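Consider the two complexes below, in which chain A is the common component and chain B and chain C are the respective partners.
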Partner chain A sequence: MKSGNTLLLKSFYMFVRDGKATLMMFVSPLAFMLILGFVIAGISGGTQNVSVRLAFHLSKNLQPFEKALEQEARNAGFSAVFVKDEKTIKRLVSSAKMQMGISLTSTSMTFFYNQAFGQYNNYLRILQKFVSQAVKKRISGIPTYVEAQPVKINRGVNLTVISFIVPGAMAIAILTACVLSTATAFSNYRSNNTLKRLKVTPLSGNTFAFSIAVHRFWSSVVSSILTILAAEAIFSTIYSINWLLLLLITSTAAIMSIGLGTIFSVVFRDMWTTLNFSTILLTVMMLFSNVFYPFSIMPNYMRIIAHTMPVTYFTQGLRYALGISPMYMSEFLLVNAIFAFAGVMLVIIGGRIMFYFERR
Partner chain B sequence: MEKVIEVRDLRKKYGNFEAVKGIDIDVFKGEVFGFLGPNGAGKTTTLEILEGLRKPTSGTIKMFGEEIKGDVIPEIKERIGVVLQQTSFLDHLKVKEILELFASFFKKSISIEKALEMVELKEKVNAYPENLSGGQRQRLAIAVALINDPDLIFMDEPTTGLDPQSRESIWVLVEKLKSNGKTIFLTTHYMEEAQRLCDRITIIDHGKVVETDSPEHLILKYGGESKIDFSCTPTPPTEKVEELERELQGKIHKLDDHCRIVTKDLTQTLEKIVLWSKKNNVSLTDVFFIEPTLEDVFLNLTGRELRD
Partner chain C sequence: MKSAWQFFKIHFLSDMRNRKSIFWAMLFPSILLFILVLTFSNLGVKGSLDFRIIIVDEAQSVKGIDYANSLISAFRSLSYPNKNGFFTIVKVMKGSVKDAFNDVLYSKADAIIEIPRDFNKLVMRSVLFARLGLPFAAAHIKVYYLPNEASSSLAQGAIDGVMDEVNSYMMSKFNYHLKEFTVQSETIGEMMKAPTYTDFVTPGIIIIGAFTTGLLLVGPKLAFMKRNMVMKKYASTPVSPKSFFTGFTFSKLFLMIIQYFLLAILAVLVFNSAVHIFSPWAILYYLFTCMIYILIGFDIGFLFSSPTAVSALTSVVNLPLEFLAGIYFPLFNLPWYVNIFVWSNPLWYATNAMRQFLNVGLSTTPMWLNVFIPALWGMASLIFLSTRKMWKRI
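On to the complex of A and B.
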C-alpha cells in the first residue's frame, strides 16, 4: 500500500514533467481532430442544409391520408413524393434521387434506404420523427405500431461530415496516445534497465504497471472531453452529448488501449519494434474500421474486418454517446464491460509478465 | 562463521553455450567478497542469478540460510541491496524522490538524509540524475541500494567507466560499508580494486572457479617472484653485467633503457646490486620494486591476462 501510493505520486511527477508524454496524451488528440477537421471541412465545404426527399407508397386503405402526409412533410421542411409501388421507391432510392423510401400499410411500415448513403442513421431519425408526428396529428385509424420516440434533431438539420468524423478521429487519437505512450514507457524502462532495478526490490509488476497506467488513463479522459468541446466550438458540430456515457466509453476504451500498450511492450521487448508494430496496427485499425466511413458503405469483407477492431466499437460507442448514431444501451454497456475487463486484465497480465521476463 | 550466501554446482546454459560451469561459492557475514575475472568470464551471469535476475540451469543457492527456488522471495529482497552494472533511474524524478520511491518498496528503510550523507550527495538532493556526473550517479545508485539498510549488497563492477577520483570515492564508501558490518558481493575486473577492498576473492575464468582465497594468500601462492628494475650510469660493460648475474644466480633482462631482475628475496638481491654498483663505480638510477599482483596471479593461474 505504501509503495502503491508513493509510486502513484511519483509516477504523477514523472508524467507531468515528461513533456513528450503529456504532449502525446493531451495535445495529440486535439491536434489530430483539428487537422482532420479542417481537412474534412475544406473538402466537404463546411456545414450545409441538406434537402431531404422522401418517397412514399401507401396501401389503398391509407391513400386518403396522402394529402395529410404531404402537408406534414412540407411543414417539416421535407419534400414527399408518392409513388405507386415499392419497386419505384427502390429505383428512386438506389439512384439517390430520394434519400429514403417508406412503404406504409395499416399493418406494416417498410423503410428503404441506400446503403451507400453514409448518413442514413440521421435520416432514419428524421423520418421516424416526421412519421410519428404525422401519425399523431393527422392520421387516425393507423394502429400504434409506429412508436413515437422524441429525437433531438433540428428541422432541416445541419448534417456535416465533420460531425461524423470527429468521434472517429477522437477514438483513433486516444487509442494511439494510450497505446504508444504506454508501450514506449515500458519499453524504455526495460531498455534502460529500470525494470531490472525494480525487479530486485519487493515491488510487484502489477503495482508498477498500474501506477504508470493511471496517469495515462485520466489524461486521456480529460483530453477526449477537451477534444469534443473544441470540435463543438470550432466546427459547429451538433451533438446531443450524454456526458455520462461519453465518460464511460472514453474511460473504458482508454483502459483497454493502455492494456494493449502494456502487452505490446511485453511481447515486443525492443522499443522500436513495439513502436513500429503499434503504428502499423493502429493504421490498419484506422483504415479498416468505421472511423472515417460508416459500415453502410463498406464492402462485406471490410465489415467483417471492422467488427474485429476494438476501435470500431469505441467509435460506435462515442457516436452513440454524442447522439449521432443509434446503439442499444445493452450493447453499449457490453462494449464498455468488455473494454474495462480486457484492459484491466491486460495490464495485470502485462505487469506480471513484464517483471517475470526480467528474470531470464 | 555465518554463511550469507552458499552456492553449490551452479550452472547456466544459453543454448549449447555454458556460461557458468558448476561453481561453488561461500560468502560469509561481514566480508567483502570479490568475484574477479575478465569480461565474459561469467561474473555478471552468476551475480544476476543470485540477485534473481537470471534463472540458473541447475545448482542450489542458499541466501541467509534459505534455499532460493524460483524467484527470490520478498523477505530475502528486503535484506539485499543491488548496484547494477548500468543503473538508470526512473525519468523525471529528483534524487530525493528516487530515494523516497525506493524506500517505499521496503518495510524497513533508512532516512533519505542518512542515505545521501553516506554517499556524500546531500547537496544534490534536488538535482535530477541526468545532471549528475558519472561518479555521482554511481553513488546515487549505491544510495538506492542502501535505502533499505540491507545486510547483503551486490555490486556489479561499480567503478567501471569512472575516473580515478570517482573510483577512489566509491572505494572509500565500500570500506565504510564494510566497517559498518555489511556483507558485500563485488564483481570487478580491476585487480587493484579487488586487492584493496576484498577480504576474499574468487577468480573465475570461462565460467569456472579457478581459485578462492584472500588477496594476500593468492599473491603469495600464485603471484610468482618480485622484480627489481634499475638503470645504471655509466652503462656497465657486458662482462660486468654477467658478473652481477653470477652473483645473483639469475638472468638480468635488458629492457629499453633499464634492466630487470626477477627474485624471490627482494632485500638480499637489492643488497647484492648495491654492492656490485659500488665495486664497479656505477651509479644506480631509477630503482623500482615490482611486487606481484592479482594480475600475475590470474596470469599464472589461467595463462592469460585479466583484460584479455
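On to the complex of A and C.
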C-alpha cells in the first residue's frame, strides 16, 4: 500500500514535469477540437445549420424581386450576393469566395460550380434541386396550398453542425491523448530499462500500471471539461449538459482508452511501432465512426463498421450527456460498464504481462 | 561527386531497409488514401442521404375527396426506391401521432409527418379561394422532429426543402400546367468529367506523403546522427559537407519520387482515379515542393538535438497544416485569424497547384502564389539554416 502511494506521488511529479505528456493531455485535445471545429464549421456555415455563399445574377425583368429573393435566401440559410453579370459569378466562384453561383432568367436557371470543390459539389447539387423547384414553382405561379410546420418533440437545444462536431472531436481527442500518452509512457520506461529495474523490486506490475494510469485518467477528465467549456466560449455551442452523465462517460472512456494504450505498448515492443499502430488505428476510428457525420448519411457498410468502433459509443454517450442525442439510459449505463470493466482489465492484464516480459 | 553518390546510396538503402522509413514514406500515405476513399467516396452522392419518415394520416375525406392521398403520393415520389429519393417512408399509419413519438425519440425514425384531421377541408377551401382570386391560407402539415438530433434536424430540413416540389406535384395531378423552365449547370474550371473523391484527394495525399517524408525522415535522422556523433565522425574524414548534404538530400528526393509514383499508381489502378500522373508540370512542381519540405526537415533537425523531440514536434506541426490545407475538404468561411494560417500554409498552395497539374480542377489560388509562398518558406528555411551555421556544425 505504502509503495503504491509513493509510486503514485512520484508518477504525479513525473507527469506534471513532463512537458510533452501535459501538452498531449491538455493542449492537444483543445487544439484538435479547434482546428476541426473551424474547418468543418467553415464548410457547413459556422454555427448555422446551412450557410452557403451564393453569387446571384438576375435578368433585367427579375431585378425588382432582388430584395424578396435575398430575404428568402437568408431565411433558407444562404448568404446571397447579387452581381451584375455571369462573368463576375464565375470569378467569385473560381476564387472560392462564393461556393455556388446562380444566374436566373424567367425561363431558365443556371447553376455554377467550381470543380476544385470536389465532393462538396454533391451537397450543392442537392441544394440545386431544392432551389430550382422553389423558383420553378414561383415562376409557374403555383400557389402554396400545403406548408410544413416544424414541431419539436422535446425541448432540447437546437443542434448546429458545430455543436454536433464538438463532442465527436472531443471524443477522438481524448481517446488519442489517453492512448498515445499511456503507450508512450510505458514504451519509454521499457526503452530506458526502467521496467527491468522495477522487476527486481517487490513492486507488482499492476501497481506500476495503475500509478501511470491514474494521472492520465484525472488529466483527461479535466481536459474534457476544459475542452467543452472552450467550445462553448469559442463556437457559442449551447448544450443541455447533464454533468453527472458527462463525468461518467468521460471517466469510463478515459479508463478504456488508457487500457488500450497499455495493451498497445505491451503488444508492440518499441515506441515507434506502438505510435504508428496507434496513429493508424485512431485515424481509422475517426473516419469510420459517427464522429463527424450522423449515421443517416453513411453508406450501409460504414454503419456496420462504425458500430464495431468504441469511439462510436463514446461519441454517442457524450452527445447524450450533452443533451443532443437520444439514447436509452440502460444502453448508456451498459456502455459505461463495458468501458470501465474492459479498461480496468486491460490495465491489469497489460501491467502483468509487461513485467512478465521483463523477466530476462 | 563520388562521395556524394556514396552518401546517396547509403542513405537511400538505409531508408529502404528501415521499416519506420518504409512505414512513413510508403505505407502511411497509402493507408490514408485507402481509408479516405473508402470513407468519403460515398458521402453526399445520390442515394447516400436517407432519412426515415413516418407519415401519420389523420385526415378525414370530405365527400369522397381526399387530398391527403395526393400528398402521400407526392412524398412517395420523393422517397426510395425512386431514383430522386431523399428519404424512406418507414410506414404510413392512421391514428394518433403520439403513437409514433417513441420511434423518433429512440432513433427508429427521423421525423414524423402528421396530416391533420381538417387537412382535406382546408385544401379544398384554399383551392376554391384561389380560383375565385381571393386570399387564402395554406393548409399545414406538421413535421415532428428532435431539434437536438442530427438526423432528425436534417430530415426536417429536407422535408421543408421538398415542399415546393410537393405542391408542384399535387398541382400537376390537378392538370395545372407548369411553365417551361430549364435548369442547367456549368462547372467552372472543369478539367475532367465528374471527378470522384479519389481524384479530389489524391493530389493532397501526394503532397502529405512528401511533407511527412520531409519532416519525419530528414529531421529525426539528422537529430539522430547528431546525437550519436555520426556528423563528427564524418567531419574527421576527407569528405566535404557539400557531398554529405547533396547525397542525403537526393536520397530523400529519390524516395519521394518513388512515393509519388506509388501513390499515383495506387490511385489510378486500384481506385480508378483519372489524375494525369505523368503530367510533366505536376512532376516538376512536385520536385520543387519536395525540396522545400526537405529544407524544412533540415530546419527541424538542426533546431532540436533529441530525435524524440523532433518526432513530437513534427507530429504537432503535421496535423494542423494538413487540416488547414484543404486536402480532405475544401476550405470555406473561416474566420480571418484562421485564414492567416491557411494563407501562410505551404501545403495549401501545393495542394491547389497539384490539383490543377494533375487535371482535377483549376487552382483556387493564382499559380504564381502557388510557387511564391512555398519558395518563401524555402528561402526562410535556408536563411535559418545559415544562421545555425549548419555547414560548420558537421
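FYI, the second predicted complex is superposed on the first by the 248 of 360 C-alpha atoms of A that agree within 3 Å, B and C clash if a C-alpha of one lies under 4 Å from a C-alpha of the other, contacts with A are read in each partner's own complex, and residues count from 1 in each chain.
As a convention for this text, contacts are C-beta pairs under 8 Å (C-beta built on N, C-alpha and C of every residue); 3 or more make two chains touch, one makes a residue touch a chain.
What you are looking at is a predicted structure, and each value in this text was computed from that prediction instead of being measured.
In the superposed model, A:17 makes contact with chain B only, not with chain C. The wider contact with chain A, measured as residues touched, comes from C rather than the other of chain B and chain C.
Of the two partner chains, neither chain B nor chain C is touched by A:60. In the superposition on chain A, A:192 makes contact with chain B only, not with chain C. After overlaying the two complexes on the shared chain, residue contacts for A:35 are found with chain C alone; chain B is out of touch.
Legend: residue contacts after superposition of the two complexes on their common chain; A:7 is shown touching chain B, with no touch to chain C. By the touch criterion defined above, A:326 reaches chain C but does not reach chain B.
Residue contacts after overlaying the shared chain place A:302 against chain C, while chain B stays out of touching range.
Shared contact residues of chain A, touching chain B in one structure and chain C in the other, are absent. Remark: chain A residues 20, 23, 28, 31-32, 35-36, 38-43, 45-46, 49-51, 53, 90, 93-96, 99, 107-123, 125-126, 128-130, 132-137, 139-154, 156-159, 164, 240, 272, 276, 279-280, 283-284, 287-288, 293-299, 302, 323-326, 328 touch chain C in the complex.
Chain A meets chain B in the complex at residues 2-3, 5-7, 10, 13-14, 17-18, 188-189, 192-194, 196-203, 358-360. Per the touch definition, chain C reaches chain A in the complex via residues 20, 23, 28, 31-32, 35-36, 39-46, 48-52, 71, 84, 101, 104-107, 110, 113, 123, 126-127, 130, 136, 138-151, 153-157, 159-168, 170-171, 176-192, 195-197, 199-201, 312, 316, 319-320, 323-324, 329-335, 338, 352, 355, 360-364.
Touching chain A in their complex are the following residues of chain B: 51-55, 71-72, 74, 77-78, 80, 82, 84, 86-93, 97, 100-102, 104-106, 144.
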